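Each remark here refers to the structure printed beneath this line.
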């Protein structure tokens, strides 16, 4: 029952947050909505005993990433309220229709085949086997996944080098109105 | 705790590239050498990578059952080594094509070089891993570098536009891909493809609906990367907006990475499920060939035209994927090898004609090129005819291989569609040739030039050599099988 | 009533689709980008939930990498967005339609 | 180097040599090109002399694996069907080059393109590996495309692109068909093969055979061109420079008829028999239609182009009559049409060089100012309309008499084409050459120069020679055509009601 | 000597051919008039050779011989081969004999023409072709000669090609002949289909056993189409009057004496086939009779001296067709020969007149030439009487023979005989009209400034020789022809003249009477002043106008065949080929471009649209996967 309550609450928060992201006129509100979703998911991770993941979710995502988002929002003008009237003809109904299509197709596939599988597995799973403590997660991370772990280094280097390159690119562009670099 | 087998040579090329990138970045902030030295360093890294890839190819006798290095994060098979080789050749030619563009970037050259090296390492990992998350990482490493390179120009507004379009749509596609991976994980409990059918062995579900859903999403994500229709719409805009010097690299490396990963997934893990994915691939291939060919014939910009042609080529390559099994891997590899060289050569011409940092290459600028630069016009013509798949060029051999493999696998109708669309596509290549040879230049402007004029020459040489005597390369390709 | 993995997976799917809708209907590049983050979070939820259902930690490990990718994407994406904004003073992708046809 | 390989390679080498000539000496490429193109002619002459008549076997066979896993080999051979075409090609190229003195821009490239075209054509006629055949068949398009597109007339780009795309469309299906056959071979025997005799031995099954036949036939019908697939031809001819037109009409179109004989009849006997009604009807329509349309053409080249549609209809009619006489007539008509129409295009080119117009209305009374030219034109025109003692008669007569037993109505209607040929050629001659020259430009025209006479004379001699002594070719053709018919007979049991095999006729009458 | 002459019989073709080749390449150097003498000598030598070689046939112990020359079309069993039999020999003698005379005449007639050597080149080539035709031992070789004489006819009619009418006439002759040849060609297909050979010997021998009546009728009628083209019979005669545009010796040689008789020769040669089909024979006879009458009426009203002769030729050819159609092969050949003599004579005489009048051809501007051109006058008088059938001149014998043979057949043929008789009257009338208008009466040319003069010897000598032949030839030939030709016609049943001498005499009397009536009427009318005979002509009302305009057949053909044909061709070229067939091809390309543009329009540049396409593709894929049942 606890899990059900937690699920309902956090699911409600997550979905509301997500809807806020796509509905809010002000980007700051959208960011707040995303933050809410992230926290709600962190709660669910805890329910799943994915402790480390939950922690990282809060620290990295809610902490670092969202800060970066807010920073950029501030940079490009927090006061700018987006005009949410659609300018592209049919874009909005078409978008919803198309996603509905995906939903329909995916859902049909989902329910047609997999429904009988999910409860079965839930019964079989051993909760302790997936207790995501730091140690438990670290072991595969640094043994069988070590190469992937190393590869993230490449990813971050790219991100850093790319950001620097793009930032420096505008230093000598006189038309640039913004000041300073990211 | 089981420690994975550490085999540095198994990731030798990536290692060299990463070290090269690091060296470039560090040297840039410490010694601040002139560009040619940095570029030379990058070139050396790539050359070393090529050497290592060849060494891997020779050293790895394909054998199933051996423990994979790094706990199954990379695989020591010849699809991997020959795929790496291809990625590295693309990188080397891309570096050569972008040389003058890089040289003009001043301080930013080091970052650009690092992006190229790291992106190459990413695609290199992508083609040589049997692990889906690792594949995703490789894909993202490569893709991020491509997003950045697309927007690298400081002069061209449209470069930014290309970058942001590429980035947003690419992000969407990546999300779809990894969501598909997560569904496959949910369905099978595995993230590594392993050998033939391994992924599906442990599955405990009776109906594979989730797997099909996941597989469809994975295919869609990769289709985006290789610009297969209907997931191609980014390609024309990005090719047009990106700096000319990088466009070839951008176009070619994504295709190599995407297709070889796709082949690995479909052939090794999902070979037993071919009845499920074959229709998907067939539909995407048909759409790609039709839309790519028809869309290209009305383009007025050479780069958009090449982008659409790339869409059509994606369709042809997917036709080869239909062959399934070993045959799919080797025909796709051969096609890619042939095609990417031509694409890089073609974009080297584009860079030389339009300027390496330009965004957009209107067809009108090619009018009378045969008089302004007979060499560029002639090489471009050969490359275009090669892409069109006319005999005596490697493009024909590649198409032939793909068609024959697909027909052998029982997809004659797809081959018929393919040959017919290739006739339509012929028209677009002819349009460019017409402009170059039969049009009069409005004004005889001197060509911007890039100093990389040898790249199209090399591409032409390869195109004709492997068109006339494809035997060795076909033999080489025939070994490119996944474990 | 037992909360099965299916519930979580469904929640993830809903979030994923909301993100997809957002990309299509919002024209602020930043918000579109947030939608991508939303979709990646849906992926993470799927990994975790499926991992628990399957009794393996692999799902949680995978989440790490998705997270890292998301972070790197954020850095790159925001850099591009800022770069565009500096030049054009807009974050609306609808204003970026010079490349067409 | 084997003889046949040399025949293919030498023109390529010659093309490279020409391309390497110094740019500042624009007067060099043409004479050197002509000189170099005599080499293949000499080889072809030797080939002709050394060719053993009386056998249907492929001779001078040379074979080397090109890519063994795909079963593709460099596989050349010559028989009575391809021999005349090879000789014709080797003959027309020097003449086409020699008549191209008006090509002043990019002469090197022009000469090289013609030489490459020669290599492709000879290769296509000699190839016994279907892959190789396709390679040559398709590769020919490239030099021809440039010849039309770079050195052509007003609408050259339109014509060149249309030519390229139209014929490429046909060959696309041909490629699919070839691949399908190789795959079927691999299913039956376990290995891919593209060799002609391997594929001919396949048991395809009726439906498959019909489909493959259709794919091959469409490709070749476009090339021929068979009505109603002919519209690329007038455009291409009108725009092409003289040398290009000569080779286009003289040899390139023959790839279509050659392909029909060699591959459609050789590989798909049953389907060929089934397709007789369709193809003969189209051929006959083409004969009459091409001739009728030719009558009212205001442009000389277009007139000759449509006359080609008509004449090639005869070849297809003869081929698909599936009788000895018809098939021999078809093969020899290939050569005849190459010679006469080649000569006609040379002639039109010579007058175009002088007047820069091909419109019939711009001429009149030329026979008075250019009697030698008029003589050659009239001679060629009569050869073209099938006057006995000249070559055109031999082919057309064999075709008509040969096809009568199989398709009587076709033969009779086809004979109408002979009448129409007289109308369009003589009417054109009347308007161009007779009367008093009225326009001042026409009064000042100079008659043929010795060089031009030297170009035309060999063709005129051949028209006469082949008209009076066709055995020089027929003796070499006959065993091969008989072998084709025998093959059809063994596979399908079909025998056309063949007058020269009276026993069948009598059997049919009595049975 | 005779044997070797027969072995060398190919030289009969070879000599004139060699002459033609020599004159073609060296004519200019040989020059005028030596080129003419050379050509005449070549043909004369051929005549001598032929005469020597045919001696055995005269003596009655001659064997027909086949002289093979070489293979031509092996798959059809066709060889170059000469069939030396009496019929061929006779034709050869006519062609070479009359031909030589006309060659000789032409030396004078063409003197001064700048293309003099070329003219003789063509004449020699014609002779060679005609000899190929008559000496052929198989149908294909005959057809080759048949076509080649058509070629020469074309070349010679349009010899003065700078005159547009001459060029057009040449083309018309060739094309109309080709239409006939179409029939001939189909006949050949049928022959080969039926016999598996083209050789005369085997075809005719097996005709009775291998041909049923239907096939024989088909072959016969198709051959008739060819013969009607070459021999200017209804409905294909229209080219012959126009052919008078050619130089007069050409008209004499080709369009009177030799080439036009090829059709008669063909029917006579193929008698073995024709006789299997009474129907085909009947058609031949009817066509012949109709043509004879039809052309004779037209000839009545002509004012051009040569056109009278042209229509007269058509009419006389009709006689010959009537004869062979009635199975009177010998009679037909007989008339062919005598006609060759007197018609050549008449044409040459007319040419002499034209020559003397420096090109004038309108009889209304002649008259009274008797004094100025005595030799021509005399010889023309003989010719006129001959053609009018006055005994004992040549025309009488052959015409009488034909009428007798036809009459003897009875039934329908009696009607044809009547037609022949009427024609005989008309012939006598228009020929006398011509003769009177030209030579008698008052000169009507003085105001035009002509100075008529007699032609040179080289022209008058042939006239005299031909006149002699026209006088004596008939009787001489009459005596020996039947037995001479016997071997050639041994396979056919010939019709013969009535054996009752009384009937014969009566018939002869009737035909002579008809001739006399014609001569008398014409002489009576045209001796008068022009105003009076013009009134006589007007008295016929519109009929005379129709005759003068040749029943406007050219106009009718133009309106019914040529104009619609041209219109159809234009429609095919500009209303079908360009817009429909080519239009369809181009519209495929256009459709592809349209598709391309629609894709371009989808590529809006808005990234969110692109996202929508992506999602659309994904959605469609998933729906499809779901529908096909996961």
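When the chains are written out, they are named A, B, C, D and E in that same order, and each has its own residue count from 1.
Basically, a residue touches a chain if its C-beta (ideal position, glycine included) is under 8 Å from a C-beta of that chain, and two chains touch if they have at least 3 such contacts.
For clarity, every value in this text was computed on a predicted model and none was experimentally measured.
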item: Shortest path length from chain C to chain D (each step joins two touching chains); value: 2
item: Contacts common to chain A and chain E (chain labels); value: B, C
item: Contact-richer chain pair (by C-beta pairs counted) among A-B and C-E; value: A-B
item: Centre distance in Å when chain D and chain E are each reduced to the mean of their C-alpha atoms; value: 37
item: Inter-centroid spacing, chain C versus chain B (mean Cα positions, whole Å); value: 25
item: Centre-to-centre distance between chain D and chain A (centres being mean Cα positions), rounded to whole Å; value: 69
item: Between chain B and chain D, centroid-to-centroid distance (C-alpha), Å; value: 43
item: Overlap residues in chain E, where contacts from two or more other chains coincide; value: 589, 600, 603-609, 611-612, 615-616, 618, 620-622, 624-625, 630
item: Residue numbers of chain D (touch at least two other chains); value: 165
item: Residues of chain A whose C-beta touches two or more other chains; value: 88, 91, 94-95, 98-99, 102, 106, 109-110, 112-114, 121, 145, 148, 152, 155, 158-159, 162, 166, 169-170, 173
item: Pairwise chain contacts under the document criterion; value: A-B, A-C, A-E, B-C, B-D, B-E, C-E, D-E
item: Of chain C, residues touching chain B in the complex; value: 5, 9, 16, 19-20, 23, 29, 32-33, 36, 39-40, 42-43, 46-47, 49-51, 53-54, 56, 58-59, 62, 65-66, 69, 72-73, 76-77, 79-81, 83-84, 87-88, 93, 96-101
item: Contact set on chain A toward chain C in their complex; value: 3-4, 7, 11, 14-15, 18-19, 21-22, 24, 27, 30-31, 34, 37-38, 41, 44-45, 48-50, 52-53, 56-57, 60-61, 64-65, 68-69, 72-73, 75-76, 80, 82, 86-88, 91-92, 94-96, 98-99, 102-103, 106, 110, 114-115, 118-119, 121-122, 124-127, 129-130, 132, 136-137, 140-141, 145, 148, 152, 155-156, 158-160, 162-163, 166-167, 169-170, 173, 175-178, 182
item: Chain D to chain B touching residues, read off their complex; value: 66-70, 131, 134-136, 138-139, 141-142, 145-146, 149-150, 156-157, 160-161, 164-165, 168-169, 172-173, 175-176, 179-180, 182-183, 186, 192
item: Interfacial residue positions of chain B with respect to chain E in the complex; value: 164-165, 168-169, 172-173, 176, 207-209, 212-213, 216-217, 220, 224, 229-231, 233-234, 236-237, 279-280, 283, 291, 294-299, 424, 427
item: Chain B partner contacts - residues on chain A that touch it in the complex; value: 106, 109-110, 112-114, 116-117, 120-121, 139, 143-148, 151-155, 157-159, 161-162, 164-166, 168-170, 172-173
